[in-house]
């Protein structure tokens, strides 16, 4: 039995949340059972991811290949648990567990009764499963299908909100995301037409053999994929859907959308760019320069837009736009340090942004205020919530001892290695701007004189979730140990041509 | 170039598809646009039949009709004319 | 230009697919009616499907269903077709969800025009 | 080792303890604050004693795979001594000054936390730890800056945060570059970059470091947060914006020039021939602007800007005499400036007068205060019986020895302008004798007055027997040369 | 045709040109020697019937070789249904919807 | 009772349409078509029934409870078919590898699990179409 589970673990990590999601709607009347199932599933997923990661670390980064249905690579679909997958799996599981805890018994005012809440959880698990699938997949078309599952469940999560604007946000998101999917499918199509393979390894091998015959096609495929994944992961000029969607969604949904979903698409882009095109092609075609430039623009513009927002969740949403810029910047600098930094920043931002959104959700739920200027004195009434918010903000700015610093450190080292002075300056300016848009919230919450009427810290599960996220932030900042090791190895893996 | 009759037939159908898609852009009455969409999916199914993939043709025909029906349902519940 | 057109004529299904794709994108981006946006999305997706299907086809090939009488026929590549089966399902799902959202939006705002909805939203926000 | 940990921990522990007792009375809170500041002071003296005795104290570890260490050397020990001693004085002064203020709990919490963090800056033995404490200092002192909670204070606070974080960003880039060159950030084993030799980009690194630390050290184009931050309570202004925070910037620059680059490598850079002139510019312009200010605390703030650059000037001479002058000035200036601020605070509390133009006759109301103020003003000129004379002497000697005798002239000129800056105030304060009552009464006033007078006395004492501080200065100079 | 649409039209026409240049470069349509008709497709055609036991190769691929994709396809449908219901059924009947 | 002819014709035709849909589902592995197309056809038959006979009678034929169950367990069915492979010691979704008898080529029962999976998917798709239709038709109170 255990041997079966062990040998099938790569696929179980993906399908377990999905299976639970299938049966959830039939338990709608027993909401406690639903919550328990969801939490147990995410916890199990975390265990599974941790086991896989330890396995990978022990066997020195050798990937585990798993052929679905027993059909080997060019014919069947193969999933590959590599360093990158383990890193992302751990990140997904580690963040979705506290979010599930936070959602427990807390969704009524934002989503509705038990049936709606059950559907919300089902969508949540579907998104989790799709993200896990993205982490391990090594098949181009499978990427597209997973992206679609993730997109639809994201939109569903957004539209689950009772908020009247949620539907509009969800519609815009859906349309733009589907446009993105069509572009992604187009890009995959071009790659398939010239290589005849869908498995990433085979496609990469073939592509590097034949690309001289089709320079324009490679260009178009790359730009289709870039724009497609760019829309989905809210790269700056294509981010227009994000602020509405992430601020209208229920708070746990915002947390997972900003924290994980956006990163899932980024991981897919990383896989497609580095595992299919390969670093040599990226540099030949100058794609990395475009990525760097877009990343820098996103950092500055996202931060500046965030500064002008007064609504708490919108400000956090724009902050996500800025932080996605760091991911693309690290992706574009294309050396092992910057990729390490990018991956680590991805993880730390996932934790941080989830913490920020959950804390914001708790504040908005208890005070009923969603404007920053109305939040005076929240810090005294909700000490733990606000403490978590503060820890996350400080970490996002990038102070040592917190997780944000580690990522930025490696990103800076990477930009130094790439000889890109401007990137360094932008990273620093981004940090300062980040402080400029996050600290006013803390200042208002702690130091403004007039207190809000009546509010207190949320219930026990919510508190556990918040404290868990804060603990992640500090653990990642002080002893990232194996996690950083995974990121480093993943970065090196990406740069090695297979 | 050695085009056969099948090729020319396909070309004509593709041309119809382009025309239909342009029509859908310009038609103001949404119900009409949806009807054109139904025709579009059917012709698309025919094109795929020409391309030796009857499975996809059947599926597209069924899915296209299903989508058309759903769209009509929704139009019956919302506004019919484009503002 | 001449050679470009020639190659485009050889690749006419791809050519048509890309034209449809662009028309679909244009519809999505410029039409403010939600239905039109939805139709545009569908056009785009079917254009990509067309591209895939055309890629798998062989002119004069056989339908990829094993003919016991003639097992050595020139069968076309079945893979793109299989992929597009999934693609069609995806596009149906997206359409269904978008339609649901349109109904919801109509219930809220009484219109299916994106620009009008944005205006109404701004009015509500300013009030 | 234990002493080091205790010195750092006592402030933090006290701050947390105060934060955790919301309903404690003022007296109890004051006692706790006093005990913990005294403990911090005691242990940092013990650390300094051990360092001067030549023992090595070192704690090291790793954050996220990067090594950090606490390893006080003579320079750090001197800085730690200054900070801890003055913190004790400022604490006592606060008990009087803050007696009737609101939000004392927040004040003392962050007061003690900032103490810890500043000692951390002093004792850090590696660039990462230095950076960490330097960043934390910003956050620990921010609530003190916005203590008044009015819009002016909030604006000042935002300015402070943005300036400090930008500076820290510049430092981070520089640290990254150093790290990528050496793979090591520990500066206790001799100059960090000594093995690298002269290489392109070195000047940029120095410029980044100087700009980064220069924000807190208030080098002239980067000084604007300092006058704005003067809206904080007086003990905070005295301690943070005349000593602790700004000194952490100055200390950082000295540290970088001598411990990261080393005087030999720094001497080979073109930049180090420009930096003394930047400092000289700041000295002159700062003090000239100071004479234009009417609000006493603002005048003191610009004066601080000017005086900090004395230290930098000494450091940038890259000459043993100059460094000796810088260290001397660090010690002597801090005592005098805190005296001046304490005096200004007493005037504001006692009479409600904050403007220089209103101060005629104040001297007879607050005779002892104004006496101390007068002594400190004289010290700012650099008159003989006061400790600043010696520091200026070494600074001039250092500049001449370095071959830039013009800098000595700048120092003399600034001394003269300094005279214009404060002496007229003191004279006016004693000029007009009215029927005003003497206000120096009561326990609160006593708590404020005692540290003021004591500091003025210490300044005089050091001036008369410079041998009191000379071993420390000597140790620092020997450490680096 | 409103003025607002002109820039978008311009950009899309530009994109169309670039895409068409790429399309012209693709392997010619409908040839049996194209990269797509490689060992993968041959493998399916030759082995599908004995490896899966069905005549229709597309079904063989959909439900056996790439059944994992198809599972996700059904999941997409499931997700869509959930999303539709969560959007439209905001009011809940008592007793779990009879 | 408004449209007698329509109702009669529907009553005659709809069973055949459903039969056709089931045929397409069941014969997906030997002839063109498949579970998805067939499922849609079956679903469309129900939709036509509802449009002709009215929402209430349509709902009575396929209650919401049934669709919910089919949705959930129909999707789970696929996963369970995949787990058959796992239980037999083969990878997830294995068919021949799991040692399942593939049957005679071209017969309705050929293909091992493929037929079963297809049947499940087909019914599920039909239920999906019905659910979508009813959800969009039913007015919110």
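A, B, C, D, E and F label the chains in the order they appear, each numbered from 1.
Simple rule for what comes next: a contact is a pair of C-beta atoms (placed from the backbone, for glycine too) under 8 Å apart; a residue touches a chain by one contact, two chains touch by 3 or more.
Please read these numbers as outputs of a predicted model, since none were measured by experiment.
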item: Mutual neighbours - chains that touch subunit D and subunit E alike; value: A
item: Shortest path length from subunit C to subunit E (each step joins two touching chains); value: 1
item: Separate pieces, if any, that appear once subunit B is removed in thought; value: one piece
item: Core chain by centroid distance, with centroids computed from Cα atoms only; value: A
item: Pair joined by the larger number of C-beta contacts - B-F, B-E; value: B-F
item: Chain located farthest away, centre of subunit B as origin (C-alpha); value: D
item: Longest centre-to-centre distance from subunit F, chain (CA-based); value: D
item: Gap in Å, rounded to a whole number, between the CA centres of subunit C and subunit B; value: 10
item: Centroid distance [mean C-alpha coordinates] between subunit F and subunit A, Å; value: 36
item: Distance between chain centroids, defined by C-alpha means - subunit C, subunit D (Å); value: 68
item: Numbers and ranges of subunit C residues touching at least 2 other chains; value: 10, 12-13, 19, 21, 24-26, 38, 54-61, 63-65, 68, 79-81, 83, 85-86, 88-90, 92-94, 96-97, 99-104
item: Shared-contact residues (touching 2 or more other chains) in subunit F; value: 30-32, 34, 36, 68, 71, 75, 79, 82, 92-93, 95-96, 105-106, 132, 135-136, 140
item: Set of subunit B residues in contact with two or more other chains; value: 53-56, 59, 63, 66, 70, 73-74, 77
item: All pairs of touching chains, each written as two labels joined by a dash; value: A-C, A-D, A-E, A-F, B-C, B-E, B-F, C-E, C-F, E-F
item: Subunit F to subunit E touching residues, read off their complex; value: 28-32, 34-35, 63-65, 68, 71, 74-75, 78-79, 82, 92-93, 95-96, 102-103, 105-106, 110-112, 114, 117-118, 121, 124-125, 128, 131-132, 135-136, 140-141
item: Residues of subunit C defined as touching subunit A within the complex; value: 21, 24-25, 28, 34, 37-38, 41, 44-45, 47-48, 51-52, 55, 79-80, 83, 86-87, 90, 93-94, 97-98, 101-102, 104-105, 108, 114, 117-118, 121
item: Sites on subunit B touched by subunit C in the complex; value: 1, 4, 6-7, 10-11, 14-15, 17-18, 21-22, 24-25, 30, 33-34, 37, 40-41, 44, 47-48, 51-56, 59-60, 63, 66-67, 70-71, 73-75, 77-79, 82-83
item: Of subunit B, residues touching subunit F in the complex; value: 54-55, 57-59, 61-63, 65-66, 69-70, 73-74, 77
item: Residues of subunit F touching subunit B in the complex; value: 24, 32-34, 36-37, 40-41, 43-44, 47, 129, 132-133, 136-137
